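By letter and in written order, the chains are A, B, C and D; residue numbering begins at 1 in each of them.
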Amino acid sequence: MRQAQVHLIATRAPDDVSGLEAAIAAGQIEPAAIAAILGKTEGNGCVNDFTRAFAVSALKAALGRSLPDEAVAQIAMVMSGGTEGALSPHLIVFERRGEPAAAPAVGRSALAIGVAHTDSLLPEQLGRMDEVEMVANGVAAAMRDAGIDDPADVHFVQIKCPLLTVDRIAAAEARGASVVTRDTLKSMGFTRGASALGVALALGEIAADALSEAAIGRDTDLWSGRASTSAGVELLNHEIVVLGMSRSWSGPLAIDHAVMDDAIDILPVRDALRRLGFAADGQLTAAERGRLVAVLAKAEPGSSGRLRGARHTMLDDSDLSATRHARAFVGGALAALTGSSALFVSGGAEHQGPDGGGPVAIIARRFQGER
Amino acid sequence: MRQAQVHLIATRAPDDVSGLEAAIAAGQIEPAAIAAILGKTEGNGCVNDFTRAFAVSALKAALGRSLPDEAVAQIAMVMSGGTEGALSPHLIVFERRGEPAAAPAVGRSALAIGVAHTDSLLPEQLGRMDEVEMVANGVAAAMRDAGIDDPADVHFVQIKCPLLTVDRIAAAEARGASVVTRDTLKSMGFTRGASALGVALALGEIAADALSEAAIGRDTDLWSGRASTSAGVELLNHEIVVLGMSRSWSGPLAIDHAVMDDAIDILPVRDALRRLGFAADGQLTAAERGRLVAVLAKAEPGSSGRLRGARHTMLDDSDLSATRHARAFVGGALAALTGSSALFVSGGAEHQGPDGGGPVAIIARRFQGER
Amino acid sequence: MRQAQVHLIATRAPDDVSGLEAAIAAGQIEPAAIAAILGKTEGNGCVNDFTRAFAVSALKAALGRSLPDEAVAQIAMVMSGGTEGALSPHLIVFERRGEPAAAPAVGRSALAIGVAHTDSLLPEQLGRMDEVEMVANGVAAAMRDAGIDDPADVHFVQIKCPLLTVDRIAAAEARGASVVTRDTLKSMGFTRGASALGVALALGEIAADALSEAAIGRDTDLWSGRASTSAGVELLNHEIVVLGMSRSWSGPLAIDHAVMDDAIDILPVRDALRRLGFAADGQLTAAERGRLVAVLAKAEPGSSGRLRGARHTMLDDSDLSATRHARAFVGGALAALTGSSALFVSGGAEHQGPDGGGPVAIIARRFQGER
Amino acid sequence: MRQAQVHLIATRAPDDVSGLEAAIAAGQIEPAAIAAILGKTEGNGCVNDFTRAFAVSALKAALGRSLPDEAVAQIAMVMSGGTEGALSPHLIVFERRGEPAAAPAVGRSALAIGVAHTDSLLPEQLGRMDEVEMVANGVAAAMRDAGIDDPADVHFVQIKCPLLTVDRIAAAEARGASVVTRDTLKSMGFTRGASALGVALALGEIAADALSEAAIGRDTDLWSGRASTSAGVELLNHEIVVLGMSRSWSGPLAIDHAVMDDAIDILPVRDALRRLGFAADGQLTAAERGRLVAVLAKAEPGSSGRLRGARHTMLDDSDLSATRHARAFVGGALAALTGSSALFVSGGAEHQGPDGGGPVAIIARRFQGER
């Protein structure tokens, strides 16, 4: 049977691959089994954050010493810039070991990882229903790849989506097509939002007839509680990683998720921890933290400028971008609950959770005695 | 008997005194009873943060319409810049109502407020044992003013202390005296640290013979769990506000405190909340938050560059000062516990709590039925 | 005859009025003669820059000790935040002394100051042709007030214009009217742009039929070479200050202007200095700088992302707003030419000079021997 | 005879090596001839600026496709972060072509490039006279390598020097040695300063008996007008590149230098331009700019907080580091003079030019007709 392995590796700099290389050298990680690498790097998470590309460059060079280039290119790499507050830079390496079993297991389910790549998108499709539908189909494919039938068993969908560039806009317009926006920065919000709505559609969180082109990037009442999307200039298609529970997979890892309704709505996350077997009384104990593998969350400043009625100043701070504020603050809230600061808290949460809140997924090792 | 009243007033800008004026107009606040005003303003909390002075200027003008200038000058005003994350700008107005009773009450104790002003400091005394002892005597005087005998009944001591300026250094040197540092910015750390050690000495947290001039600003093992100090250019002496519990005071308010050992050490704070009668199960409920009046905390990045072993990047971020990171993150942790973002989280915590941690005081309204 | 006096006063902080007060005490400035005060303050010049309001608050309090409140309210006060690079914080006080002469002088012209206030604008008129025309009429009125007939004699028009707030938008929509944008930040660009086009219309820089509602805020080929506009939340009408040359005025001061085509296009400014009698060979000498009274300039990053073909990174820097970059850089260029860093360089230059460039006005004292 | 070639190559991102690769592919650059690469990258130029390492990583990978690793390692690569204002990211590639002539030429001199590597430094020698002397010897060696006898013919010395790390300090202390500072950030200032004084000693700018350990990093009256030093964590020795004029070299390139006395002291730079044959009347014309190859300058905020008596706010800005302010402003001043924004303006100027000023070197192509 297949087995998912997940490794959280601390880094000392954006290009620090020494931990990954040590794990490979020690036989803990099989390069050929790596399906995806997520990483928090210490940039600003905004336009001029080169730590993400620097990290990817170093990871590709490191893996290229073990794998052919085509194999490296298949690994989804999603770097999220911004380790504000005490958030700690790290990599999360997802491995898929073993072979699919002939028949699904009768017993308990385990963490399952599915991957899919969509076809390339035309620039004029970006941020529109075409992208929503393309992603929805891709999520369905990744679910099949993971051996997950029931959308309720999906707990997190990480997507890397394309964005518009000046050249891509020009190419579309040369064909007589028009793009959703000529502002390349805004195109990142549109593609993240459309991709998140694609997840919501695939998972049945939103009915198809509730979606429309006009709602993309605008109607904050439409959201997925399990999508996490990120735009990258280096691709034209979508890389989709589905994380869920499946009886076709074995091993000690499990995943669950919660949706925070605002930046400090930690009780749903505590409930998810409890479903995973943690006492979660106040804060995870050191012993409990030994079982916590990874926490993946989205953070954004609420657009109302208020949190539970109290004014916040994130949106008016011209010295410090609102996303940096939000990651620090939500990071503090989740660290208070989990006792850990090695959290994958990322920004840019269009249609990913409610306005000012966001999805949180938790990957944990089961108790030894648990069955 | 005397009664303390504490009002938390949201502000819409650094110079927004409309809430204070409305409370005065409605008879909820008596200007002549105001002993101190603490405030969080939305600047950067660092050198070029003019929001603090702007707030004080507006408060003095507003109170000057009800009080003579000498009375306004007696009110301790301590503005803390920096509402990072979702921290919410606000004022905390401390009133002392009523007259001292002939004899202490037999019954329960209540929040007590004591105030003292030390003599002026000579520039060469700043950041040295002279300042430590001067502050220790001042804290003792403020305790007497509050009617508190036992140092164990003191839960928070807010001090505004002087700093060195180019002119003050020159004056000392003209007399042949030498100052602790010729760097005016560093003098702020020395005066905050010496003042905090003065609190520790007065409250018996540190024995006199454990203190030395060489330790000031250097030995992070020496700290007060109840001091919160802030340096201001506008004074040469110390303004000291002691908050504690006393049976000489009546009313519905109580105070307790905790010491966080690091930036996410919220369990001691939860214990303090429980001592004040809150269930504090996960996060204060909306009903419980109605009884929470104010939370006063110190936040600082740990000097080791690590939090529970995990690297943080606060100290290496040249775009964003470490104190801004720390306030956002600790603010998130405390907001996750209390459910509120109107928290007085301030930076600059030399000798105020352990390295990377800090004191937290909570002022709450007792349950109606409680006695 | 009337005489303009202009005082450049260095400040030590946003609320430093000691220089102004000293000049009043010394009889150098007559409070009742003050028509306008411009100031550079040391904030970020963006949304959360409270140094501007702090300065205005301190100036009003200081002048209120010499003048009735109504008189203080008539003084146009335009603070520009941001002293990046070595730009030096200062105030520029414009006085109008003396009485209009019965007949214009036969001899030479001198600096003339005209002031006008428009009627209040309805929110739905803001950023539209209504505002353009209202400002054009106001500029004409201010020219009459200054005794300037020929638009060619106008060298700088400083305008403070209103902006949209949430409340103003709601009021317009309650009447069934629609506003140019519901984004309050964007409304600042629209009102600055419409006001600048109003100046261009009044001065004949653009023909009426070349203007249209669609061009406002969009067509960067339309601009005034003499407008400098600034949006403020505290007013609903426009305060207009026209600076030019008139034979109805006497005194030693003169003004001229130039238009920089890009951020380093200093040769037109050198030409203007030469027209004012400076040698301007390389850099003004110390002796020449004694005659230089004030330099008023607009700075903006070019929207192409390039300066003379070379890529700049101002528009992609998420740590530092592009306007701060631009003020520092243009400030350096103009300081290299003038030898002075007390320059009023401000941002937000919609329709004020060509894309990436901007207008520069110079006020100077004539040579003693000059006639 | 030997011939220096210098190529200024614009970059589109820190890791953009496409221009370099194109120049190699076109035969304009011979990889084996490259002696040094300087670069301006678009980071913040401070502690957490990873764009420098990202650029070096990309350059090494690109050159590694043409050269063996040992040869790549010999190339001095000095990246300077920070393209504030309109400063434009670029690389400057220095090539040494041809073979030393048997005898020096009789005719005119040309740009000469000399390189030397010192031995490794012990941590306890850093920032002390040992480092000063080691660098002085290294500069002498690089002069010999360049064929320059007279120190007056040296116009720029670029040095990459080591810094202290926690591990290096520990190693020294384990041996019973003490280091100049235990603050790793401060060690960067000490090593840059000691290296600059080493240049001054080698070039005879300062007499040996005027130097002392106590003066390093403190006495701002001691400085080199031709040193530019930069600290890097990746080396333990010093990489020294001397640029000057020598009759042993041929070709169309020449170099000269100037020392700015403050941030806007451009007249000495104009004089240097004129010595190189430029009219430099106000600003270089487009035709003149075609002959300008590279401008190398140091920029720093003056420690007095004033520029020609006018207060600047660079040192008090907690939102934006003073070095970023200084680069933008000095960049504007030099761009106003040269008409170009592709300037290598770098910060960290301890003992490199007078306080608040700095050295400027200019490399230019001679006029065609010139001989």
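Here is the rule we use: a contact is a pair of C-beta atoms (placed from the backbone, for glycine too) under 8 Å apart; a residue touches a chain by one contact, two chains touch by 3 or more.
This one's a predicted model, so the numbers in the text were calculated from it and none came from an experiment.
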* Looking at B-D and C-D, which pair shares more C-beta contacts? -> C-D
* Asked: Farthest chain from subunit C, comparing Cα centres?
  -> A
* **Gap in Å, rounded to a whole number, between the CA centres of subunit D and subunit A** => 43
* Structure fact -> Expressed in whole Å, how far the mean CA point of subunit B lies from that of subunit D is 48
* Structure fact -> subunit C to subunit D, mean C-alpha position gap in Å, rounds to 40
* Which residues belonging to subunit B are in contact with no fewer than two other chains? -> 42, 44, 48, 313, 316-317, 319
* **Residues of subunit D that touch subunit C when the two form their complex** => 10, 12, 42, 44, 83-89, 263-264, 266-267, 270, 282-283, 301, 307-308, 310-314, 316-317, 319-320, 324-326, 328-337, 339-342
* Asked: In their complex, what parts of subunit D are in touch with subunit A?
  -> 13-15, 42-43, 48, 50-51, 53-54, 57-58, 61, 319
* To do: Report the residues of subunit A in contact with subunit C in the complex, numbered from low to high.
  => 44, 46-49, 313, 316-319, 321
